[in-house]
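As structure tokens, here come the structures.
Below are two complexes that have chain A in common, paired first with chain B and then with chain C.
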Partner chain A sequence: MRRIWRVASIPLLAIVLAFIVAAVIIVISSIVTPTGFDLFLPLGAYGSLFAGAFGSGTGIVNTLVAAAPLILGGLAVGLGFKAGLFNIGVAGQFLVGAFAAAVAGANLAGAPTVLALPVAMVAGALGGAAFGFIPGFLKARTGAHEVVTTIMLNNAAVLLLTWAVNDLVRAPGFSFPRTGEIGNSALPVLLGRNLHLGIPLAVLTVFAVRWLLDRTTIGFEIRTVGQNPNAARYSGMRPIFITALTMTLSGMLAGIAGSIQMLGVIGFYAPGITGSVGFDSIAVALLGRSDPIGILFAAILFGAFRAGAPLMQIETSVPIEIIDIIQALVILFLAADLIVKRVFRVRADKPVISELATVARTWAGGSPPGGST
Partner chain B sequence: MSDQPPVLEMRGITKRFPTGTLANEAIDLELRKGEIHALLGENGAGKSTLMNILYGLVTPDAGEIRIDGQPVVIRDPADAISRGIGMVHQHFMLIPVLSVAENVVLGQEIVRAGEILDLGEAATRISLLAKKLGFDIDPSSKIEQLSVGQQQRVEILKAIYRNARILVLDEPTAVLTPQETREIFEVLRRLRAEGASIIFISHKLDEVLEIADRITVIRRGKVVGSRTPTDCTENELAELMVGRAVSLRVDRGRSHPGDVMVEVSELRAKNDRGHEALQGVDLSVRAGEIVGIAGVAGNGQEELVEALIGLRRPTAGRIRLAGQDLTRASVETRRDRGIAFVPADRHRFGLVLTYPLDDNLALTRYAEHPFAGGFAGIVRNFRAITENAIRLIKEFDIRAPGPKVPASSLSGGNQQKVVVAREFRHDLKLLVLDQPTRGLDVGSIEFIHKQVIARRDDGVAIVLVSAELDEVLDLADRVLVMFRGRVVGVFPAEEAQREKVGLLMATGGDRS
Partner chain C sequence: MGRRLTTWRIHLMELIGTVLRLIWELAVYLFTVVPDLLPIILALATPLALGALCGVLNERSGIVNIGIEGIMLVAAFFGYLTGFAFHDAIGSGPSIALGILVAVLVGALLGLLHAWLTISVRADQIIAGTMMNIAAFGMTGYLNRLIITPSGLGGAGVIAPFHLPDAIANLPVVGPILVMFLEQGPIAMSVLFIVLGLQFALFRTRWGLRTRAVGEHPKAADTVGIDVYRQRYLNVILGCALAGLAGAYLTLESTGSFQNGMTNGRGFIALAAMIFGRWTPIGAFGGALLFGTATALGVVVSIRVPAGDLGTLMQSIPNEWYQALPYLITIVILAGVVGRSTPPAADGVPYVKEGKG
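Moving on to the complex of A and B:
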């Protein structure tokens, strides 16, 4: 219990602090709304937010549906952090995965689900993996920093896929460019209106990644390269290979996130379905301290924000955008954990975002891992 | 003695860590004005804890600290600094990308007209101070461009700049070359002459005898004796420190070299800056033989050992192990064939500081049986990893609360023992040792030297590189002298006299 508190205290207190500061913002902004100054508005708003996210079966389902891609996206970013890599490219890898799943799914729309669904899922996973391999390979081969290449590749993905939907795989009979219906390739709904198979899959992936990192030699290599690339090389590991592998695996997780969102929620690919999964994933990974279990909880929290916000807006007129503010504040307080420590007078052993320190080190002109051989 | 109270008194200092370790037990220490007081003890004896208490980094459970006779409570380092205490840590607390001046004034910046940093004024003041102390340092140069010895002087400057009257140096010579050590001793003597009081932490007997006015010996958290250099010998101090008689000379017996195990021919390699650091090195080591490599640091020894283990790719030449060509083999292959390596820089190569001891003690064998198994051999076996750690901790007397504490929590000497314990495995063909006893106390050095001899007698070929010429001369069956990337002399042990080897190290002989 004490060990859990030691790693989880700062993230939890950062969330509490974010809610407090956001409450002040809600109170201040209430002055200019028709209802007028209302000191208790935050309580009402947070109550509605909670009710919307967890107050009903539908609410819980919505929370989980919104959380599922964030779980996988968070794992993608978190896995990169473990190897000292900052994968900002989850947004692009997510899109490529979603697109690949949509195209494969549409082509197999008439096939039986037991065939169509796995093929579409694998297509999405491979699409993401391929798009993660590119920056991984570039970093391993040339030392090109993944932050730069993945940001560029995010734009490349959007434009490339827009072209592909327009000119290569546009489905006939629609007034706008989009892929065809996925039919039998869709993820089966298990419960309620929308609780699709992708949700248990995402949770299973959490434990798979945890097993990989904690229990296997590959996970040990990934973590060692992240902590001390020189010691990794000295121990007979190949940091170059691990770097490329980790980016590929990270891209694959992002691709699976895209697939389940595509096959479980969206149903077709059309330009402009970008969404915020890519960047929310970074926040989720940071809040979860790159730990798979932590990422699971962080993703559920962020999913709850998305699911509960509409009810909050309807019942209290507090705009949905306030949750973006809360999310941003959470990350702000995580990065500036000194504030949290001062406010709550807690002692935490190590900086929250130790993974980012590794990234910062490579970013500040350090040589790529194992660069000289 | 004068009537003046001592500059610093520590009385009855006791500290028990949450892990149960009694790091300090009723320690008394007295520092007089203008003296160099050596604190002598083994790795993990409690010297650093005591000094961390003095510097406000650790809160003692009991005891009193007096400065100039007045009882004080030191809550944090800022408190310590304001009371005139300066600390030079073993691992420097400098920011590599900032200049000397910026590092020195950090936290006490000189500002003008509000909040504008006046680095020019700072540089002038630092130059003056450096000149007074006899340092040759350009305040505008970046820390990362300085040698280790120069960085240490910046740390001292930093302390003096903050008006430190009591200067604590935690194992200052552990990272220095003999030349740099002599220079830092000059600095300390000058500081003493200026009236500073210095606590000098060390486990090197000869240094303590050379520099200290008084010596306090600590063993396992307790003061076990106080001496002055004039009334004691190295052997007496060693015995006091370790708690038993210690032999300071290696009893290496006769070696029985077998067939040639390692053959290096015409090896060339570049250093990190692209200069040719190895210019055609020939080296052969027989099974059961120790070849010592002597040389002033930076003459290609580092590149040679890195080429042997596979961390540096040779540009030409051959490396053969037991007849097989390994010139282009990966580190992994070489380790599989029976090469092990104790690197000089344990933080850079030898350890992952954030990992627990058990992971570190299996770090270079993580993929081997029994540490990995399961399907496809990728599942780690934590029981084997932990058992291995428990065994090695005991066998190599690593002072640690258990196999799960992070390597970063160990003292430098114990960290070195972790690396040595891991690399001294049983099924070896070639053991490459680069500064194997750096930072270790006499007891541990004796132990490791015995292990080296034992491995030699098992038939392992050993290459030993050391900045301590005595270590090379004591252990090696043959001594090679390296100079500017070449081997300039080979001596059988019985012909390797200190003067002859030393001269060749400095001049390179005829071929230079």
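Moving on to the complex of A and C:
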């Protein structure tokens, strides 16, 4: 129990502190709203947020549905961290995965589900993997830092997928550009209105990634490269190969996140479906300390925020964007854990992921990870 | 067999001929169209150049700042909000001036936050920047929905760009260049001076020497009596004030309105321009102009269609590809340039004073 507290105290207290600071922001900003200054607005807002996320069966299902892509996205970012890579490109890889799954799914809409669903899922996974491979390869070969290349690829993905839907795969019979109905390719609903198969799949992936990192040679190499690329190279590992491979696997996880969101929730690709999964995943991975189990819990928490926020905005007119602010504050207090330790007078392990030092060290980095080719 | 090989060769020669002709036509097209585009290119390059200068000042003193995007966005919002709030009371011109001032101050304030996090708290520099970007997106979206959207009012407007007399603008060679730098609003007009001033300051003054010293070898700088923390604080704040000016440019000089997430990756393109320019102000400005040119060409191709086959070819490329061009060029430049340019040696490495653990 004490061991768990040592690991989990800073993340938990960071969340508490983030909620307190966000409450101050809500109170101060209430001055400019029509209702005027309201000291108790945060209580009402957080109450609706909680009620929307956990207050009913539908709420809990919505939380889990929102958590599923965040679990996979968080794993994508977390796996990158393990190798000392910061994949900010989850947003783009997610979109490419969703698009590939939508196109494959629409083409197999009439086929039996046992065939159509796996093919559509694999298409999405491959799409994400391909889109993750590009920055991975560039980092490995040329040293171009993934933080900038992945952000650029995010922007490019939105534009190029818009073109693809307009000019290449637009389905006939709709008043706006979109892909066709996915029919039998949809993820089966297990419970209630929309608790789809993607949720257990995401949880299974948590254990698959855990197994990959802890029990396989590749996992060991990934962790070693993340801790110290030079040591990895001198002991005969291949930092260049591992860098490209990790980004590809990370992109694949983000692509699967896109597929389950497409096949389980959205149903078709249309320009402008950009969601918040990309940046949420970063917060999830940091909060979960890039540990798969930690990511699972962090994703459920942020899934609850996303599921509860609409009710909060309707009932208390506190804008949904407060969730982004809370997220940023959580990251702030995790990065500056000194603040949390001072405020709550606790002693605990450093919550920041040690491999992050490698991310900063390779910045604009002269040479590719692990020295020159 | 021999005959088929010959026809194959003829086809290849024809293809090479066509490609060469297209390249020639493209060169002619660029030569005719770019002089007219110069003012637009500088306008598009302005926020990128200011953002890149922010990067130069930060990284030359050893601090990585990937939060430029977020700082620009917050400054753009508060600059706009100020102009919007004071427009009726003091009129368009003064409220815009006040807005620019507020944006610069907001930039400096966020710079202070980044400096405190990275220098004093020694938080991870990449994470601090990521936090800044997410917070900026959330904060501006939150306040936009709370204040600006419900009011339904427009902003403070923009300052009309300056116009040169036709006699000067029509001068050969010099005319287009004067137009490029002078037919602008005040912020774009001042960019060139800021760039030249910083280039001089960084390489010819005591401040510049100290800045480069704390970025290359903080311990040595400390030994000779330079206050590393103070120098880093100062430069991060100054740089972020420039990012604030870039934000002011977006809402108060260029568009006259605020949209959520309107920086649209400019903060990151600015970082690429900085790397392209090898961490020098003039080089970074060159990088920004290159991106400005790419963006401007994407827009102009659909308006001024080149003649002949080139026109047909350029028209057949979808609009979205032209819009994606600056992003793709950023990636190509990073991949091509990074390995060959050296960042400041202590870039991204926190400095711990001896005896301060």
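Here is the rule we use: the second predicted complex is superposed on the first by the 358 of 373 C-alpha atoms of A that agree within 3 Å, B and C clash if a C-alpha of one lies under 4 Å from a C-alpha of the other, contacts with A are read in each partner's own complex, and residues count from 1 in each chain.
Rule of thumb we're sticking to: contacts are C-beta pairs under 8 Å (C-beta built on N, C-alpha and C of every residue); 3 or more make two chains touch, one makes a residue touch a chain.
As the structure is a prediction and not an experimental result, all values here were calculated from the model.
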### Query
Put the two structures on top of each other at chain A: do chain B and chain C fit, or clash?
clash
### Task
Using the superposition on chain A described above, determine whether A:Ile218 touches chain B (first), chain C (second), both, or neither.
first
#### Entry: Larger contact residue set on chain A - chain B or chain C
C
### Task
For A:Leu72, decide between first (touching chain B), second (touching chain C), both and neither.
neither
### Query
Who does A:Ser29 touch here: chain B (first), chain C (second), both, or neither?
second
### Message
Applying the document's definition of touch, where does A:Leu159 land relative to chain B and chain C: first, second, both, or neither?
### Response
second
### Query
So, A:Ile256: does it touch chain B (first), chain C (second), both, or neither?
neither
### Message
Which partner chains sit in contact with A:Tyr234 here, chain B, chain C, both or neither? Use first/second/both/neither.
### Response
first
### Task
Pick out the stretch of chain B that clashes with chain C after the overlay, from 5-13, 41-49, 77-85 or 95-103.
95-103
### Message
Going by the contact definition given at the top, which residues of chain A touch chain B in one complex and chain C in the other?
### Response
364
### Summary
Per the touch rule, the chain A residues reaching chain C in their complex are 25, 29, 32-34, 86, 88, 138, 141-145, 147-149, 151-156, 159-160, 162-163, 166-167, 279, 282-283, 286, 319-325, 327-329, 331-332, 334-336, 338-339, 352, 356-357, 359-361, 363-368
### Message
Can you tell me which positions in chain B touch chain A when the two form their complex?
### Response
97, 272, 309, 311-313, 330-332, 334-335, 341, 343, 348-355, 359, 363-364, 366-367, 372, 377-380
### Task
Going by the contact rule at the top, pick out the chain A residues touching chain B in the complex.
215-218, 220-221, 224, 227-228, 230-231, 233-238, 354, 364, 372-373
### Task
Within their complex, state which residues of chain C touch chain A.
59, 64, 66, 117, 121, 123-128, 130-132, 134-135, 137-139, 141-143, 145-147, 150, 264-265, 268-269, 271-272, 275, 318-321, 323-324, 327-328, 330-331, 334-336, 338-339, 342-343, 347-349
